[in-house]
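Multiple structures are listed underneath, in structure tokens.
Two complexes, one shared chain (subunit A), two partners (subunit B, subunit C).
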Partner chain A sequence: MDNSTLIKTQGLVKRYPVGGGHFTALKGIDLNVNSGEFVGLVGPSGSGKTTLLNIIGALDAPSEGTVEVLGKDLETLSGAQAAKHRSAFMGFIFQTYNLLPVYTAFENVEFPLLLLGKSAEERKQLVMRALEWVGIADKADSRPKMLSGGESQRVAIARAMVKEPKLVLADEPTANLDAKNSHHILETMVRLNKELGTTFVFATHDEKVISYLHRKVTLVDGSIQSDETS
Partner chain B sequence: MILFKLAWRNLVGAGLRTWLNVLVLAMAFILMIWGKGVVDGMAYQLNDAMTNIEFGKGGQIWHSEYDAMDPLTIEDSHAAYPEEVNTLIAAHTAAPILIRQGTIYPDGRMQTIKVKGIHPEQEVMDLPTDQIVKGATGLTPALIGQKMADKSGLEVGDLLTVRWRDAKGTFDAREVEIVHIMNTVVQTVDRNQIWIPLDELQEMSNLQGEATVIALDDPFEGVPASAAWVYRDLDFLMKDMNDMIKSKNFGGNVMYGILFAIALLAIFDTQVLAIFRRKKEMGTLMALGFTRAKVIGLFTIEGSMHGLIAFAVGFILGSPLFYLMTTKGYAIPGGMDDYGMALGNVIYGRYGPDLLIGTTFILFLTVVLVSYLPTRKISKLTPTDALRGK
Partner chain C sequence: MFRFLMKGMLRDRHRSLLPSIVVAMGVLLTVFMFCYMKGIFDDFFNNAAMYDSGHVKITSRAYYAEKDVLPNDLALEDGPGLMEMLRSEYPDLQWSERVKFGGLLDAFDENRETRAQVGAGGIGIDFFGPDTAEQNRWNLRAGLQEGTLPQKPGDILMGKTLAGQMHLSVEDDVTLISSTVNGSMVLNNFHVSGIIYFGTPPLDKGVFLADINDVKAMLDMGDWSSEILGYFNSSHYDDLQAEALTMEFNAAKSDSTDRFSPLMTPMLDDAGLREYFGYASKAGSIMSFIMIFAMGIVLWNTGLMGAIRRYGEMGLRLAVGESKGHVYRSLIVESLGVALMGTIVGTIFGLGFSYWLQEVGFDIGSMMGDSQMLMPTIIRAHITPAAFYIGFFPGVFATLLGAGLSGLRIFKRDTASLFKELET
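And now, the complex of A and B:
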């Protein structure tokens, strides 16, 4: 794998058992993503975007084929090793924000740092910096139910970015947001991509997101239909 | 450590739900300790009273024919003191008691009683036998208990006709004077009996130098040489009482078990509900770097912490109650006298470290188990299913 290649999949197939047979969600995906890219997996619902994103994030395993992320063959990792890999190198952004409901915004963003064993002082400093990146430092003490959708997603971005991971995987990050908030969120992610060199991989069918992408990989029925770089 | 920190945050964040569980568990905990302490206190009081007042600390030597539960055995249950106890009697560490059946006629009504002869100077049994001294009338002095006095309408100074049969079966009668009325919690030394000097009863019954039972200060080593005597240790003498305590303990435990089961059900329910409702949260935790084992650990610790907090709350709320139970006790309703237990008017609770630590430990293990069992389902959960909330 090239030094700049962050993600490499070869012949990736994912099948799910359905009734007596099975449904093939991914049909032999070959994909390379380089470090620092701002790339989107684009396609209609059921095209396999989220499945591919989950496999790259070591949340799911392929039925066939290989996935290398940051030089690690994910198939060789145990559950604990995969969890460690996610904790150390990856950030996740979800469509429904997935903030931990009983934690404040500060505590939500602090969570990945707790897993990395950072000191309290370091955690405080990094969390406030991440909240400032997304322009929500004044909501540090608010709980998720007190935040709007846009604010919640910004907290989720801060949580994904706080440890400055090499890779951020975002699954439909703007699907629940209005246009204004969507653009704000996307501009933030573009800025972080440029400033920190973080690689972003989106799964989306939102035109607003697509307009920000540097590279668009279109999936249809589990296969790559096109791979365009702007 | 991080799991404890996160579990604590989750509990604090859950607010009212946490405190309701904690309160139910704490109340169950307090009631269990309280109830067990009362039963322990009752057992201690019964044991103490019966050992000191009724039996003697070392048990008793009985005439081989004697059966305390069968009045028909009294007539033939007498023999000369076993040789081994003569020195003990002289040293006041053994007290021979002769028991005979008799009849009294308070207010002209016939009443069957036991006439018990005991040395007034004995020190083995905690009875006011030193009060059995002849008064101005020169009649045989008699000691009776308060309940006997109440039932028969007797007072100090009253004269009472006692009729008995001597060793040859001949009826005889004598006037005795009530010289003292004792207040005792042990009804088996009170109801339907009078205590008179041993020498006089032996003389009245023509059974000089004989006794029915011999109360001991120290346990008797070995077996009495004479086949006419049998040593009865405290285990034998207290068997009925111990059985009763066991049955009370069992009954109490069933009640507290039900109460605690309700509290555990609240935790179990919270855990099951959490696993059903917080699947997405679990998926998020896994995506952020938690392993399944850590998620299971987190939820188990969360459930167990209910127990820890409940124990802390229980100790804070229960301590004044336990203190009052230990110092002021629990007044028994008057009707309890009729139960025939040597309890007195007040039961004092006993809340020793054994009870507190033991109960806490057992309950905590149960809480951990109840917290853990539902979380095993998490081990079957894939991160992607969890994230979808399925």
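And now, the complex of A and C:
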């Protein structure tokens, strides 16, 4: 794998058992994503984009084919090793933000750093920096129920970015946001992509997101239909 | 990390306070019901021992064979000698003589005209002996409603209901019409020194207590003894110990060819309670098991629901990079914390309520009607050492089992499925 290649899939197939047979969600995906890319997996519902994102994130295993992320063949990793790999190199952003409701914004962002064993002082410094990146440092002590949708998603981005991962996987990150908030979030992610060199991979069918992508991989019925770079 | 998780647990009442309350309630019920049932069974057997059978009873073989008709003419000879031998050879028990008898009680007015007559039972006990334990054993001071305990020969204590039926008051005299052991008619006047509440309907309705020396003199018994009751110094009936003692005594002192040789009988056989005792033990065990099992199911579900409602959170934690094993272990530790907290609180409250029921009791006298069972009218719980740990079985083990089983889904489920549940 090339030094700049972050993700490499070959002949990726994913089948789900349905009734007595199988539903094939991915049909032989070959995909390379380089470091620093801002790429989207685009397609209608059921096209396989979330499944592909989950496999790249080591949250799901393929039925056939290989996936290498950051030089690691995910198939060879145990559950604990996969968790460690995610913890060290990946960040996730979800459609519904998924902040832990009993913790403050600060504590939600702090959580990935606890898994990495960072000291309290280091955690405080990194969390405040991440919250400043997304422009929400003044809400550090707020609980999620006190935050708007846009603010919650910014906290979620800070949580994904706080450990400065090499790869961020975002599944429909703007689906629950209005146009203004969506653009604000996307501009933040574009800025982080440029400033930190973080690779972003989106699964989306939202035109607003698509307009920001540098590369658009279109999936239809589990196959790559087109791969366009702008 | 531990502090972080504990912080979340304490802030989320659904994870800490509510399950702790459910566990505490379940444990409280388990402990309370255990003590309540223990109290009912213990009181029943204690009553039988105290009023009727002792922990062991010695009679003549002939008396035992016809004990239902109180055959005082078949009593043991040389009662004092036998008592001396028992006190010397069997010091692990306290020995007391009793004489039960019956007759017609006649209450009369100032003109010596009968105003009430009632068939009644009398029990002769040792009121005045230098080392008698009978007053304490019968708990007479606590039960005394009016008057005083017998102060002199001829004084008696009347059961409260019996005195009411005969319109007798303290300081009244009453005549007993009965027969001696020789078959002669006897009329004996007694002086009512006090009215006593036994708290056991058959005794309150039909029994009076007299000094055993008065009774023996009245019945012409001389130094005969109808019944000698033995009580273990521990105050608790131990059937194995009673059986062993009985076998030893009967082998050494009883002669099957002599109708008037002494015969020892353990309480369960004398009172015909062996079958009931077996039933009560089994019923108690079954009820305890059902209660613990039922509470276990409730608390297991609490653990289960607590974990299921957090699948989303677990999915997130896995996505962020926590391992399945770590998530599972943290779930178990949290569950253990909740279970211990709830169990300790539930046990404290359960013991508190049980203590109240043990000391104050619950009066069911009005519900007992004409019951002839030697059961107390006040139901009391009985706190035993087991009550301190019985709640831990459903409280800790069931809650942990619930959390453990539901948490196993973390391992069985694809990570992506848990992750997916974030969206729901």
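Keep in mind that, in the parts below, the second predicted complex is superposed on the first by the 230 of 230 C-alpha atoms of A that agree within 3 Å, B and C clash if a C-alpha of one lies under 4 Å from a C-alpha of the other, contacts with A are read in each partner's own complex, and residues count from 1 in each chain.
We take it that a residue touches a chain if its C-beta (ideal position, glycine included) is under 8 Å from a C-beta of that chain, and two chains touch if they have at least 3 such contacts.
Remember, predicted model here, so these are calculated numbers, not experimental data.
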| item | value |
| --- | --- |
| Superposed partners subunit B and subunit C on subunit A - clash or fit | clash |
| Winner by number of subunit A residues touched, once subunit B and subunit C are compared | C |
| Partner chain(s) touched by A:D221 [first = subunit B, second = subunit C, both, neither] | neither |
| Clash with subunit B (superposed arrangement) - responsible stretch of subunit C out of 114-122, 222-230, 276-284 or 366-374 | 222-230 |
| On subunit A, positions contacted by subunit B and by subunit C | 54, 57, 59-60, 79-80, 83-84, 86-88, 92, 94, 96, 98, 100-103, 107, 111-112, 114-115, 159 |
| Contacting residues of subunit A [partner subunit B, same complex] | 54, 57, 59-60, 79-80, 83-84, 86-88, 92, 94, 96, 98, 100-103, 107, 111-112, 114-115, 143, 159 |
| Subunit C-touching residues of subunit A, taken from the complex the two chains share | 54, 57-61, 79-80, 82-88, 90, 92, 94-96, 98, 100-103, 107, 110-112, 114-116, 159 |
| Contacting residues of subunit C [partner subunit A, same complex] | 1, 4, 7-8, 11-12, 312-313, 316-325, 414-416, 419, 422-423 |
| Footprint of subunit A on subunit B - complex, ascending | 2, 5-6, 9-10, 12-14, 280-281, 283-294, 382-384, 387 |
